[in-house]
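Chain nomenclature is as follows: A, B, C, D and E, assigned in order of appearance, with residue numbering initiated at 1 for each chain independently.
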Amino acid sequence: RPDWANAAEGPIKVGIATDLTGPIAYAGNADANVAKMVIKQINAAGGLLGRPLELYIEDTASNESVAVGNVRKLIQRDKVDMVLGGITSSMRNAIKDPIVARGKTLYIYPQLYEGKECTANLFCTGPTPAQQCDEFIPWLIKNGGKKFALPSANYVWPHTLNVYARKVIESSGGEVVFEEYYPLDQVDFSATVNRIISNKVDVVFNTVIPPGVGPFFKQLYEAGFLKNGGRLACVYYDENTLNINQASEIEGLASCLDYFKALTKDDPVSAKIQAAYEKDFPGNFLFAAGSAATGTYRGLKLWEAAVKEAGKIDRDAVAAALDHAKIAEGPGGPAEMVPGKRHCRMKMYTAVARGGNYEIVGRSDGLVDPKEC
Amino acid sequence: MPLLEATGIVKVFGKLTALDGAALTIGENEFHGLIGPNGSGKSTLMKCVAGAEMPTQGKVTFINRDITLLSPTERARAGMSLKFQITSVLPTLTLYDNILLALQAQSSLFDLVFSRTRGVLHDQAMMMLSQFRLADRAHDAAAALSHGQQQWLEIAMALAARPRLLLLDEPTGGMSLEERRVTGELLQPIKQHCSLVIVEHDLDFIRDICDRLTVIDQGRVLASGTVAEIQANKSVQEIYLRRA
Amino acid sequence: MPEQTFLDIRHLEAGYGRSQVLFDVNIGIPWRGGVAVLGRNGAGKTTLMKAIVGELASSNGELFFDGRDITRRRTEERVRSGIGYVPQEHSVFARLSVRDNLAVGSLFNVDPTAVDRILTIFPKLGQRLDQPAGTLSGGERKMLAIGRAMLGNPKLLLLDEPTEGVWVGVIEEITERLIELAKQISIVIVEQHLDLALRLADYAYVLDRGRVALQGAAGEVRNDPELLRYLAP
Amino acid sequence: MASAFVAAFEILSFGAIIVLVVLGLGIIASMMGIFNFAQGEFVLLGAYVTYLAHSRGIPIWVGMAAAPFIVGGLGFVLEALIIRRFYAAPIVAMLGTYALGLIIRESVRGLIGGFYLTVPEPIGGSIDIGTMHISTWRFTIIVITLLVMGGCYLLLSRTSFGLRVRATLENPALARVSGISTPLIYGATFAFGAALAGLAGALIVPVFSLFADLGIRFLIQGFVAVMVGGVGSFIGPVAGAGLIGTLSAALPWVIAPVVADVLVFVLAIVFIKFRPQGLIAGKGV
Amino acid sequence: MGAAKQALRATVSRGPDVSMADSGLDRALPARLAAGRKVLPIVEGAVLIAALILPLVLQDYLTVFATRVIILALFALSFDLVWGYAGILSFGQALFFGSAGYGVALMARDLNITSIFLVLPAGTLIGLTTSLLLGGFLLLGRHPSSVIFVALGTLTGSYAADRLARGWYYLGGQNGIPSIPSMSLGSYDITEGPVYYYFALGTLVVVYLLCRFLVRSQFGLALAGLRENEQRIAFFGYKAQHLKAIVFAVGGTIAGLAGSLYAFHEGFVWPNMVGVVISTQVVLYVLFGGSGTLIGAVIGTVIIEGVSFWLSDNYRDIWPILLGVLLLLVILFRPLGLISYVLGERERVGSFGAGPKEKRNAAP
């Protein structure tokens, strides 16, 4: 153990609040694992400001009311210096107030989301609609066709994302044949599939989420959508979600995220992070972008940089530094906060599923701007 | 003007016509027996009068009021009270509470919420229980009574509602001779303010307490009149000899 | 007590929860013929029947049936070994049709004509075959219950007030049948019609507050000066 | 024309799936008077067994065939250990089975790591008729559903098993004094209902993929179907399930799916309000 | 369990005669009530004292947690009244809780109204109105509605409301309405902490006493009759359906009050709050503690919430399984709830035949 110069002040406390149980526990557990890994690395390198980091993990259980209680534990009992977590937008909404407003603590939200979160002291480190659409949709038009269908789960993320996507589709010369919303747990999509087939849609820009997405893709496949040259697109699809369907049913599915495992072939930094993760956590919880794992990594690293710059741990100082923090090395490449915007510039990649694995087919030229706030 | 008048009552269950134009007229303070073979429609007629079944056809008037379409609640409020053939006491409540429930049925909501009648009704409840020899079991659950005891409790409950017209469907089922006699005695005093329709198979019992009789057979009134008239009636004698 | 006993009840004690109802009841039932059980309301007659058939566990005592100890046997085993029971209340399957009620009765009866025989005894039931038994009239229900129990070809038939609510003419009919039947099997009857009970029974027991207060040949009991006192409320 | 045919097929196939899921639920509700909140988890277990077989390299159809027996066996054991205590109090039973379901669901979630796992169909692909494509597996499900329905009907109407079950559930005390061994009947009925759920799970897992909430997804729908059809018979819930299933698949063809979703339930409740005995007033089987 | 029995009867009833021919009244009931010893008041007193001193011994964040539990207990009370006393299985109680929550959240968000004198009455009123509407539809009418129908109807209502809240943008959709400002009393903000705790506790105590008064009154006896056999008491002349609707509305009103307190305490509302999850949870609270005893609802809430809190802290990965096992064990071995450890059957069912002495106290 290093000998802590500032040990007298005690450790710096990092709080993680994420879904360790419940329907998206696979993502929450991956995020918790990433946090453990990063904290271990920082501690091994001598901690922060000469103080060790101590990790507090709480379960949000995909249940907002449980989550609020547990987050209060982090804030009021453990008195953490920062909270990172929340995966769904509704979870972020539920816990942000206890953290930021009532709890006067810094909050980092790591997941890709619909944007428009402009609360002071709340920093977002996952991709925004602009980052996921600006380059992706022109690519889809080129590699799929002009006629888009936007089948969506009925909640805020798809609604807001679709507004942006539609703008990009139309300004890139595409056309939205229909945009439709389904209950979150709908599992029968015969009517939708029929509309897609009979309208000869080229690209299905999907925001239906599990459990519906599996049967939806299957029904599309069985109706011959792929056979007739249709293209599936889904911007939250990562390595974790590939298993929902058989490989043949989603052949050619395109996604646009800040990281894919396929990058490890030619990006040594990503390869290093991926290897470190797999060494520590060889289980089923993958280090994947759509599950907020990369956002968690990025968020913790940016925060580390900010604390170093601030030289102290109090919220305002760290927030001020985090406002323009940068990291040179992260999964998928460097990242930096956009000053005054509390969102993060990062590299974006387009990948296509082939035989059950992703192949990178497009990369952004540099860091893509989140265009938020 | 009779207290109750039911005319032309028809009740059809699917293919079966249980009542086929039956009629019943009850005067004030009259004890009226309803007899007939099994399945002749006695209970059905009682139910049509009390509102447990809606007659397919026919008319029921009670105290100068057409009540054919009224709900059981409204009939009860108009002064009718019924004991079913199958006992239906409230099993987990105590005997006392069973009686109190019947006694307080007509109190206003306000009185109920503020328990304004509890004190007054207490004595009445205890009195009824001791009349029916159930006082020492006042705080037992009604489910713990034997069948015959439940019959008594039911009669007490029906009485407790202080009806103008009391409808008893086989109240003495499962009672011994001696017990029947006591039941008859307990019913006598209500004659001052109440009429009674009673379904029974025990002719001796009926004869003892009833003023008039109606005989039902196959859904129709076979005969109606004083006890003596009925006993003299040929066709009545005939059905007594007939099986089922 | 009759000499040969088909069902032998020794020192039986039973009750509900903490309240004991039967106290040291000793009863013997012969191979054939009728035995009447009398007593006022709440004396424990039904409780005794339930204890015999096994519906109610006895807290003490023994039951021997056909020479075997059945004290620990489950109800259905007792029934299958030849005890038929007509309960006082809830004696039919209210939601099942009359036909199905009879079919339940003949589950363990191989004779295909048995049901027809019952229907000739109770022709009324034949007209109601498809009606849910719960909608039968009170008397019809009793007939069905008796018919159901008889279909099981019991060697010992327990009847708890079989004629309650039954029309006089039919009571007569039932009585004759039972007297007939008692020549072949053993019948225990709880009955308020003293005449009927004592015509059918050769032997009678009178219960009082859960104890056997009086017993003897039917004629003796009938003339016993104490009898009325035990039957009065 | 062609699309009308496809529509009819798709709607029918979803109806069949709901029927399959509701069969066991309906039998347990009608016959035992228990609204089994763990029924969804029996479906899940059927799916899980199939998945396990697949992941061990055993042919899928073997897993599918084994699923009803394994789940049915488990149902039998659970009945003897737990459910048996609930018959006197159906509401407590709801809660008890809810807890049971919670345990099973969360355990399976732990076992599969909260993922969505794909299980291929034993008979994949689609039947092509001209330009139309019809999923072979969905077609198979329709056929099996019909067979199972017919089989259940025969079992309950033609054998004395059905009679014993109905008698036992209506009045256990009287059934016992009629010589019926009620514990056995209870166990067998529950196991049968569970086995049907297991079969349903096995058959639908290729369509929906395996995830911990697979079964509970259908639960409320199932209860509504049972009520619409009418508790107390075998046919009632089946008819109700057919109606609810086809309605929820059909409505999205004509109105916004979000509205359709709620509408199905509201319609169902209004229907039950005015016809409380259900589609088929419970008589006979 | 009387109400449960009634539920069974209602599921199977096909007509008056059938329903009354129901079997199984033979369950052994203790014949005599355990000689007069009342444990209920002792339990109630103990709980109250514990609740009063709690904030003095707890850390801050636990006081906040305890406040939440108190509010949920208030909510549980509303369900207990409706189910435990009147035998109406309101499986969608969250509908009233959540509607009120959403209502006051909107008042605070859009109209900037946070005064306690406005928001609490408003929330209560919302609970009353929604429950009157739903209760009117489900409970009144020609046919008496079966317990299962009401259960399903309320469940569906709550489910549909959940769906509506998720789909409706004005209500924030899936995300709900976050960052509700604090409730205010004049210029003082009632923020989470001891003040809010004692305020919630005070409300709970007052409502509890009112409920207690109600269920012990002659009206309570009518409710007991209702839950045993609705049809039977209709023949006495009780307007059974109206009584049910009244109790249902009282329950909805209390749920509305709890919902508004909850919304301000948590600072956000979200669709689950009207939905099936919370609806089921409240049923669990009450059955776990012991339905038909008001204190049982409170105890059930406290224990379930407390235990899940503790489990999720100590057995992070498997706590839902453990919670399930615990629930199952209690339901198996204590089907009448934890309270039945100390409470006899007779006292739980209650008896209204008070001795002459008590009677005189009760009569005005």
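The rule is short, and it goes like this: contacts are C-beta pairs under 8 Å (C-beta built on N, C-alpha and C of every residue); 3 or more make two chains touch, one makes a residue touch a chain.
As the structure is a prediction and not an experimental result, all values here were calculated from the model.
Steps from subunit B to subunit E, taking the shortest chain of touch contacts, total 1. Here A-E and C-D were compared by C-beta pairs in contact; the pair with more is A-E.
Chain centres were defined as the mean of their Cα atoms; on that basis the chain farthest from subunit C turns out to be A. The chain with its CA mean position farthest from that of subunit B is A. Inter-chain centre distance (subunit B to subunit D, centres taken as mean C-alpha positions): 47 Å.
With centres set at the average Cα position, the gap from subunit B to subunit C is 29 Å.
Averaging C-alpha coordinates per chain places the centre of subunit A 37 Å away from that of subunit D. Touching two or more other chains at once are residues 21, 154, 181, 183 of subunit A. For subunit E, residues touching at least two other chains, in rising order: 5, 12, 14, 17, 21, 23-24, 26-27, 29-32, 163, 167, 317, 320.
With touch defined as above, residues shared between interfaces to two or more other chains in subunit B number as follows: 86, 144. Interface residues of subunit C, counted against subunit D in their complex, comprise 53-55, 74-76, 79-80, 85, 87, 90-97, 100, 103-105, 107-108, 132, 148, 152. In the complex of the two chains, the subunit A residues touching subunit E come out as 20-21, 57, 59, 61, 63-66, 68-70, 72-73, 75-77, 88-90, 93-94, 96-98, 101-102, 154-156, 159, 181, 183-184.
The touching residues of subunit C, counted against subunit B in their complex, run 16, 19, 38, 40-43, 46, 88-89, 122-124, 128, 131, 135-140, 143, 161, 164-170, 172-173, 192, 194, 228, 231-233. Those residues of subunit D that touch subunit E in the complex are listed here as 33, 35, 82, 85-86, 88-92, 95-96, 98-100, 102-103, 106-107, 110, 170-174, 220, 223-224, 227, 231-232, 258, 261-262, 265-266, 268-269, 272-273, 276-277, 281-282. Subunit E meets subunit A in the complex at residues 59-62, 64-65, 68, 163, 166-167, 169, 172-176, 178-180, 191-192, 266-268, 270-273, 277-278, 308-309, 312-313, 316-317, 319-320.
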